[in-house]
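Both complexes shown next keep chain A, but they swap its partner, so chain B is in the first and chain C is in the second.
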Partner chain A sequence: MKRRWYIPLVALLLAGGMMWLLGRLTRPKYASGPVKEGSMMANYYAHAQEGHELLLIGDCEVYESVSPVVLFSDFGITSYIRGSAQQLMWQSYYLLKETLRYETPKAVVLSVCSLRYDAPQNEAYNRMTLDGMRLGPEKVQSIAASLTEGEGALSYYVPLLRYHSRVFELTAEDVRYLFRDPELTYNGYLMRCEQVPYTWLPQAPVLLSPNFGERPLLYLNKIRDLCQQKGIALILVKSPCLYPAWYPQWDAFLEDYAQKNGLSYLNAIPYMDEMSIDLSTDTYDGGLHLNVYGAEKYTRWLGEKLMDLPFTDNRLDPETAAAYAAMTAAYEQQKQQEGSSHE
Partner chain B sequence: MSFLSGGFYMLLLALGVVYFLLPKNRRYLTLLAGSLIFYGLVDLRFLPFLLLTATAAFFAARRMGDSLQRQKAFVTENRARLPKPALEAYRQSQSRRRQRVFVLCLLFNLGLLGALKYLPWAMDALSAPWQIHWVLPLGISFYTFQSLGYLMDVKRGKYPPEENYLRFLLFVSFFPQLIQGPISRYDMLSTTLYAGADFDLNRLGRGLVRMAWGAMKKLLVADRLFPLLTLIFDTEGYLVVPGMVLYALRLYADFTGGIDMALGVGEIFGVTLPENFDRPYFSRSIEEYWTRWHISMGSWFRDYVFYPLNMSRPFLRWTKKLRARFCGGQMSRLPLYVSTLIVWLLTGIWHGAGWNFALWGLCNGAVMVLSLVCRPCFEGFHKRHPTLKGTKGYAAFEILRTFGLMCLLRLWDCYTTPRLVGRALLSLLQSWDVAALAAALVPGEWAVLALMTGAMVFVSIQKGGGFRTRYLTTTCKLYLAAALLLVLTLLFGAYGQGYAAADFIYGRF
Partner chain C sequence: MNKKVLTFAAIVLLLGCRSERQGTVYLDPNAPAAPVEAQTQAEEAAPAPTEATAAQALYFEAKGVTLRPGMEAAPVLTALGEPLGAFEADSCAYVGKDRFFHYPGFELTVNEISGVERITLITLVDDTVTTPEGLCIGGREQTVEALLGGQAREGYYTFDDGEVTLVVQVKEGQEPGAFISAIEYRLSEAPKA
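And then the complex of A and B:
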């Protein structure tokens, strides 16, 4: 019998192609429903060539607290947020490393909130951070660093293995977003318009150790080194919120760390009054996260602090201004629509 | 490591590459290394027990083989010289020597099996002041029985013992069959196991299709039903009937799925393992059922327990006595019934250490005995209605009757104590909450189950060499089928996070 070596290869390619397509079909799209954070990572690549002067990296304390629209309209800074839910320090590092392959911003703002975590926490959050990343060395390394107990790396590369059970709950949305991800953010900013006032403050747990874990510090150092190598200013920020608790010992550590390494560290919590943040109107979940009104106030405060850096006023560039104008119009429209619906 | 783990496929790929690159006469070493790695990766602590069993059987068989050789040589050499009684005396002394070695090895291997598998249970059952919790090597019943079968065959002079320890170790430890069978016979397996088959694209495709089909049965049917059945059997009373039917489906999908995967892996390396299932749910009697379900186990008990027991001197004497006394009536068949019950008790115990397994075995034996006792009545009935047996309706009745009976007997498998079995049987008369059963799976899952069950029936009713021979006639079709089965399994299978993954059931034995 004639040996036809290509047949297994064709079958393998066919199976691989089908698995890729079915993986795209069955993965969650995060377009509707309460969780919208899952598509943010993949959205970046469409904007990667735009060139941003400021890159914000971190968890909900950047993607829900800092508005690139305000940074542009008030300060002329072009910015993008590469943030995702409970984004761990090593995930931030690999995301930064990946982003620097596409562009070199003048400054990086890093949320320090996740320094509190020294081990992978939650598969769902891992998925939201890692699934949208393009396949590359950074994704591979980030996956290896992020796996929780019992998780296998293979399902991050072959999403069908993880999401196949969704085959019984597919909707029209899954077909609509088969080949593109829903874009729900404004340069990475996820707008929340609900107003749920602060009513009570949970008791802060006793701080067992005044220091952060070794692992997040290792990656903080890596981020510092990477920024230094590329000549990028690194600003460490702690966004305003009531809880989870941010301890004075951590604050002192970061003050010291920033001073020793020639970095800026901005803890916004003591300046909430200065920003006019009112926790009866500026939070969507009783003080844990800022809503769009709080985020705009905080962004203006942050923008002022960033003005020491040599940013260009991009409002003078007609092309950039036009692009931001379109984004601002959509932003304002959503704010108006959702803001009024929540009143 | 299981057939469904990523590590297993990595190992398989590595073995495949090394196997076909090595010279033919060295290829078996790859399989041996792979088998030991596989078993070691399951649990390193299991390996010494496997090696002990295999080593004992190897050296015992060698001694028996040497004795037989010596006896033959002595007889040939001295046939003309010595008188017959002297030759016979030598023969008998050698036979006794072989018997001693055989019994020693039998006691050692069965002792090992008993100590590891049954002693902890016995201590617990007897409420002994101290309890034993030691390691139970996976598949110990399979490889112990395979070794003992070999030993008995050598003792009977069916074939000479294997001279090469590594080759014998491979026979005992061959990884596709190590954990869930089939229980192979040395004379049949060795012809392909050591042959070092050349790479064959078509055979690889056939093996892959068989593996994918097995995985599909396991993940689409058996594991999809697993949480549903847990729900049914945890809820006392209701839904026992659909539960029994679905349990039968799950068992079939799980067992045959595992065996299909084992046979598929064997096929990739050109090793032919015996078929273990032959459309058992189409059996028309319980006797027939047990010749079509777990065939290698049934035939093992038949050849190495049932026949030797019936042919043993005490049983022959007993039969003779009863025949003389009862002139060929039912009572004269009492030894046959007793040996049937003994074999089934042992079969039950082989399946697991627990009263429920022993009772399950005894119930099977009792049904067998009952059908033997009633055989004259059935034969009389069919003599009066000679056309009935040939009709399709009667065949369907017999198939359903056998299926129902097996479902009932399996209640011992679903419930662990006689009290629970009794309660389940009594609850058949209670109301059925079918809506709760329907709601346990989403409609899509029921549809997958129904389609896959239909596909299993369709594949199993194919005659003339089976589905692959009939429909997958070209290499191209084989690989396309393998790719399609793989994708369908990954898409519709019940696995991964959120599923209560279940190991292959036969792996527990």
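And then the complex of A and C:
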């Protein structure tokens, strides 16, 4: 009998295809429910060819605090936020490195809030940052740098290995977003309209070690070097959020770091009055994060600070203006609908 | 042939699904938070050289209730009664929560550790309360040395009983000599391997 050598090969390909398809089906879609952050990372690739003059990288202190719609409407700056929940400094570095393969912005704004973390924190955050990245050297390196204790890298490449138990919990959403990711942001900005006023925040714990860890600083240096190599201005930002505490020692370190490296460091916390942030209306969770009203105020303040950089007024370009007009209309509609529903 | 291919593919698929760790996918926003070991660098790093070993177990007492980080929170919160204020901090994307309770003179931080809500930090916030040793916010630095001994380094004293660390921060004020600016009890750093 003739030996059919190709049977194992075909079987392997078939199994691989099934695993890929089931992985797509069972992976969480983050389209509805309170956690939307997991879908943001994959959204970028559809916008990568648009070319953005400003790239914002980091955690919730960029993706919930800075509005690209306002940066365009008030300053003519085109921008995109590559942000994810509790994005660690090494994840920011690999995301920046990956993004620079698609485009070269004039400036990068980096949230420094996550400098406080010296080690991977939580698998759920890892998933929200890493699952949506396209397979490439940066994803591989970011996974290797991010694994928490007991986590295996393989399931980041074969999601079915992690999510197969969801096969019994599938909903219509899983089918709807089988081959595409839900787009829930405006160039990476995740809008929150709720208004939960600040009442009280706990006292900051005593800072026993005034220094950031070696690891986040190593990756901060890599981000600095990468931007220098590409001729990109790097701006370090701390958004006007009061919790978790931002210590004067950290502020002093970054002031010094920025000065020594010819960078800008903008800590917005002391300027909350100047930007008219009212914590009775401008936060959606009692002072931890800004809602859209606070984010717009902060964005205007930040935009003014960025005007020293040689940005083009892209409002004068009809094609770009039309694209942003469509996004702005959807943005305003969501703000109106969700804003009134929370009143 | 088709049967063989499908059987082989099914075996590969099943083996693959067994190869990674099992368990519930971490999607529930209210699922257990990162363990306390995963708190911020600021909350963790207690440099050993300045640490004095406490002769007795360290604790704080309020309303007749003994409080120590690591204790289960529920019975303590019941015993303490209604707080002046409470605050629940959702972290980014709702993964994990910090819960804070404000009582007269002190605050409690509660986190979930291995499925149990435990006190992780006790912070004295004003001079209406004192530690069992007699330390209070605004007290003089000399009282720390007199009551507990040890030496300050970089503006704070730490005392450790193996499970709980008492941190006393001192600052220079307008009057000569330093005063106590912060007192807190936190879980001892896990021994390093």
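Keep in mind that, in the parts below, the second predicted complex is superposed on the first by the 342 of 343 C-alpha atoms of A that agree within 3 Å, B and C clash if a C-alpha of one lies under 4 Å from a C-alpha of the other, contacts with A are read in each partner's own complex, and residues count from 1 in each chain.
Please note the rule applied: a residue touches a chain if its C-beta (ideal position, glycine included) is under 8 Å from a C-beta of that chain, and two chains touch if they have at least 3 such contacts.
Just so we're clear, the structure is a prediction, and the values are computed from it rather than from any experiment.
Of the two partner chains placed by the overlay, only chain B lies in contact with A:W5; chain C stays clear of it. Looking at the shared chain after the overlay, A:L154 reaches both chain B and chain C. Once the two complexes are overlaid on the shared chain, A:L14 sits against chain B and chain C alike.
By the touch criterion defined above, A:A85 reaches chain C but does not reach chain B. Of the two partner chains, chain B and chain C are each touched by A:S165. In the superposition on chain A, no contact is made by A:K260 with either chain B or chain C.
Touched residues of chain A, counted separately for chain B and chain C, are more numerous for C.
Comparing the two interfaces of chain A, the one with chain B and the one with chain C have residues 4, 7-8, 10-12, 14-15, 18-19, 123, 150-152, 154-155, 160-162, 164-165 in common. Considering their complex, residues 4, 7-8, 10-12, 14-15, 18-19, 28, 33-35, 37-38, 59-60, 85-86, 116-119, 121-125, 127-128, 150-152, 154-155, 158, 160-166, 199-203, 205-210, 212-213, 243-245, 247, 285-286, 288 of chain A touch chain C.
If you check the complex, the residues on chain B that touch chain A are 6, 201-202, 204-205, 442-445, 475-476, 479-480, 482-484, 486-487, 490-499. Considering their complex, residues 1, 4-6, 8-10, 12-13, 16-17, 19-27, 29, 31, 33-34, 38, 40-43, 45-47, 85, 87, 89-96, 100, 102, 107, 109, 121, 123, 125, 154, 156, 158, 167, 169, 182, 184, 186 of chain C touch chain A. Taken in their complex, chain A has these residues touching chain B: 1, 3-5, 7-8, 10-12, 14-15, 18-19, 22, 26, 123, 150-152, 154-155, 160-162, 164-165, 167-169.
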